[in-house]
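One chain, chain A, appears in both complexes that follow, with chain B as partner in the first and chain C in the second.
This part shows the complex of A and B:
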């Protein structure tokens, strides 16, 4: 059995699976049951300024039979008194001393407010703090959450204020509602963050009802934008984690979240630079016990790969993630159709003919049987045919040896800039 | 003519110029493709208009790998 223990900026946890700050971590009852089920850590539902919630709060986007492909909410932070939460945090930490209990915090962007709340939560024994600069609705209108989190100077300043009072590690949770998340991640690092976490939810409207014309969800006929999460946001979150992980000045650990639903997703986030993962939607959809599969799956994966510790996964794919200009223009793959597996549905032909490079021919053999064949010289290796193909193994994308060694766009432009004014004379 | 066939023609034209002793002197790339000036000696020059993406990749490779 592999060693699943992790450490995020010194916050120790028996495994890399934490519950994200959200309804699953609303109370001591829930967090303790989650720890019993196997979760390694929990970021408590955000504590902060008094709020009131509305009903309804959630909506799901179903896609092709998947009930919760995406999840949308207009819920705010905790609506319970701070003292009640602190008492339950204390009791939880006492019962589970080896599990990670992190307090998520959101107050107005004022130094004394940050000092006050940091001191209060640290008194009850939390292992760390997560500053919620990400909530996209409700709190943002009051200058908190993503309204703070979109302005690098405010991220830096508030991180600094939290750090002034903090004894435990400070994680800064970032909003994805920004063009370049590395600018706010860097601001957090400048403010002294011990770690960053991402992503919070993405501004969204789940839908509009075709009969009532109400938004989904709506509150008595009125709607407001919410925050999107769940499987649909995973690619966005993974990119943001990767962009931060490969950024030279963001040199703090990352806690990754956004659509993590199983152990495979967790491995991806860790390979892309996350030291652990946080989960919300998948737990809300399937319950706390999904963590059993996550733990088993991760253990088996590591054992099969001969990897002793889950920590050895962290960042392994980061050097493989670069800018487009550094990709090899001479690398070439083409599609090959396996006619013994192909069911002749022609989806690849239609996709290629209508929307790609018209290189899949519909042919007939000597017995009049239809078959499909790729004209490899015209294939640009875009993958579309294999993406739309409904049968596993019917289309392989195979590598074709290039007649030239690697050359990137950046290298090409550099060499061309030398022959733009007619000065150079390099090829004979 | 498929794009590949167009590329093969362009490649042949480029190779022919090089075989004849011309060298790439200048490349001007714009929205219409690349205009590659070949030169032999002082006052013998010719321009090829290379339109296909593979053709533009091809002469770039020649320049890049024989730098």
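This part shows the complex of A and C:
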């Protein structure tokens, strides 16, 4: 049994799996059910001035028959009175003292508003605060959520105001709807954030109905953009986590989220620098019970790898994440097809022939049996064939020993400029 | 205990026993299955289909919700593609060639094909248009799968086509010969309507050689396509064949598709003679008509049986008993002229005959009796010899001889389908007949194209 306990900026949790601030954490009833199911923590659905919601709020994207590849919502922050939420937070924390209960907050960008709400929620015993600077729809039109999260100065200032009043750790939740998330993450750090969390949802329109031509979802024939999440956004979130983790001035812990659907995704986020993960869509798709396999799978993975604590995963892959200019131009891999495993669907051939580098030949052996072969001298090692191949083990990407020592673009440019300067160095 | 209890055969509502046994895929099932298709490039399923349907293409169209495009893709290659979706031995054809046999499990191509064509049927789709008239006329004799295929393709190429059909309806085997619980008649009717929509004239109840002479056909049309299939089941050549209660399997099945279902077999004992697919049909229809016990008698063994494996399994599921190495020698009747028993001889296998199958020979003195109420003959079909001779076509024992392009000894006459299907090759498939019909049409068109080039 590996140790699954985590600490995010001092917020202790029995495991790294938190429910993100979202519909699943709307009430004490739900959060307590989640803790019973095994979730280590929950970020309460964002508290603020109660709002009005519309009906028809969610939509999802199916891909080739697979439901909820991506998920879109136009629901706003809590629509329940603050007092009710505070009472339920108190009761929940009392029943589950060892679980992490974090309050998500969103108020107008005014110092007194932040002071007021921070004090109120800390009085009922929350373990931490998460400032919602990410929600991209509805609240943004009122100057909150991602509207303030997209302006580094506003992020810094509001973090600072919250920190002025806060006794518990402050997590700043960032929006991905920005060119460079490290600029707002850095602003949060400057404002005194104890941790950052990412990503909030991405501006989205789930679809358009082909018959009514209404947006999906629509509210009485009219739609507005929502926030996109679920499995489809994982690569975007993982990159943003990695970019922040490797940034020298973003030196606070990261809570990672965005498409985390199972323990494997959680491992990826933690290797890329997240201290824990937050989950929403997967729970909305399958219920709280999915955390059982997240815990079990993580445990078995750590045991198998001989890793004592889940905390030992955090950031292990960050040094491997860099800029393109630091990649070795002389590293070479090629595709190799295992004809005994290949089922001859020819998908690799047509993908390569039409859209890559035309190096997979459809051939016949002496007995008239079809087989596929890679002309390795023409293969650029793009991986496309192995990506489209439907059979595990039919295509290996094999490393070819290079005649040249490793050299990155940046190194090459440095040498070339040295040559131009008449101060050529020999290749290292 | 009668087998009817075991197999949920209703003795009170016989018609319910004849509903299609294979359930249709739901939309959701179809989309999931369609998405499982790898969309192979140069896919082996296409090659394995005698009509060359672009299977990955029609399957991806199901996945994308383009049902009309999917049905059109199927029917374009196979004018009886809705029937074939139900009756093709897919294990031996497309599904047998699916590359997923080597990794997981093959795609349910037949069921997907049915899903797409069912959509077209339910939505009253007309999928094709006739070609611009070229002024040429073609008579197609026989409105079964081969004839309909030839007519459909010729009409699309601009020919003025008339089908002569001896029966009340066109469709041939699909309309009359394949049991309803595999292929409901309405499927065949839709395929006929698709051909009719191209202004193909179908003269039903018109037997060429009787109602209209061969000479008249030959002189009235520029070309003739013979696609008359096969005729009735031959006589067994044994005593008692004339008794009441002896049936021709083809007629027996046809009656279940064209007449109100009879309750005269309820609780009765039936034997079927032969072990081809028609014999299976006769046996399973008997079970569904309420027979208490149904036996298939075959003078050879399971090894030589020509029925498809899935049909054999289906019959066993229906409780049909198989009696191998059993040769009927006499049908015994009662005073009223009704069948009462069948006398059989036990057989053993000897040396292989000309067709490669080991020949059965009787064991002397092994005679035994099986009490029966009905005997169904399913020992193959005779040929339309007289018609073939009226057209003066070269033939080998009733099998019309054709060139690679399905041209007969008369250059104006083409032949396809069961009419040209050689003996000893198991059973002909509907899908093969459909392809031959197409090819005959293309050969006729090629002939005219060449002519117009040389003139």
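By our rule, the second predicted complex is superposed on the first by the 419 of 428 C-alpha atoms of A that agree within 3 Å, B and C clash if a C-alpha of one lies under 4 Å from a C-alpha of the other, contacts with A are read in each partner's own complex, and residues count from 1 in each chain.
Methods note: a contact is a pair of C-beta atoms (placed from the backbone, for glycine too) under 8 Å apart; a residue touches a chain by one contact, two chains touch by 3 or more.
In this text, all values refer to a predicted model and were calculated from it rather than measured experimentally.
Engineer: Could you say whether A:412 touches chain B, chain C, both of them, or neither, answering first, second, both or neither?
Structural biologist: In the superposition, A:412 touches chain B alone.
Engineer: In the overlay, answer first, second, both or neither for which of chain B and chain C A:50 touches.
Structural biologist: neither
Engineer: Regarding the shared-chain residue A:362, is it in contact with chain B (first), chain C (second), both, or neither?
Structural biologist: A:362 sits against chain C, while chain B stays out of touch.
Engineer: Give one of first, second, both or neither to describe whether A:306 is in contact with chain B, with chain C, with both, or with none.
Structural biologist: After superposition on chain A, A:306 lies in contact with neither partner.
Engineer: Would you sort A:330 into first (chain B), second (chain C), both or neither based on which partner it touches?
Structural biologist: first
Engineer: Looking at chain A, which partner touches more of its residues: chain C or chain B?
Structural biologist: Per-residue touch count on chain A favours B.
Engineer: Enumerate the contact residues on chain A facing chain B in the complex.
Structural biologist: It is residues 329-330, 357, 375, 377-378, 404-405, 407, 411-412, 415-416, 419-422, 424-428 of chain A that touch chain B.
Engineer: In their complex, what parts of chain C are in touch with chain A?
Structural biologist: 31-32, 34-35, 38-44, 63, 99-100, 102-103
Engineer: Which bits of chain B are touching chain A when the two form their complex?
Structural biologist: Within the complex, chain B contacts chain A at residues 2-4, 18, 21, 23-29, 37, 39, 57, 59-67.
Engineer: Which residues of chain A touch chain C in their complex?
Structural biologist: 64-66, 343-347, 349-350, 362, 390-391
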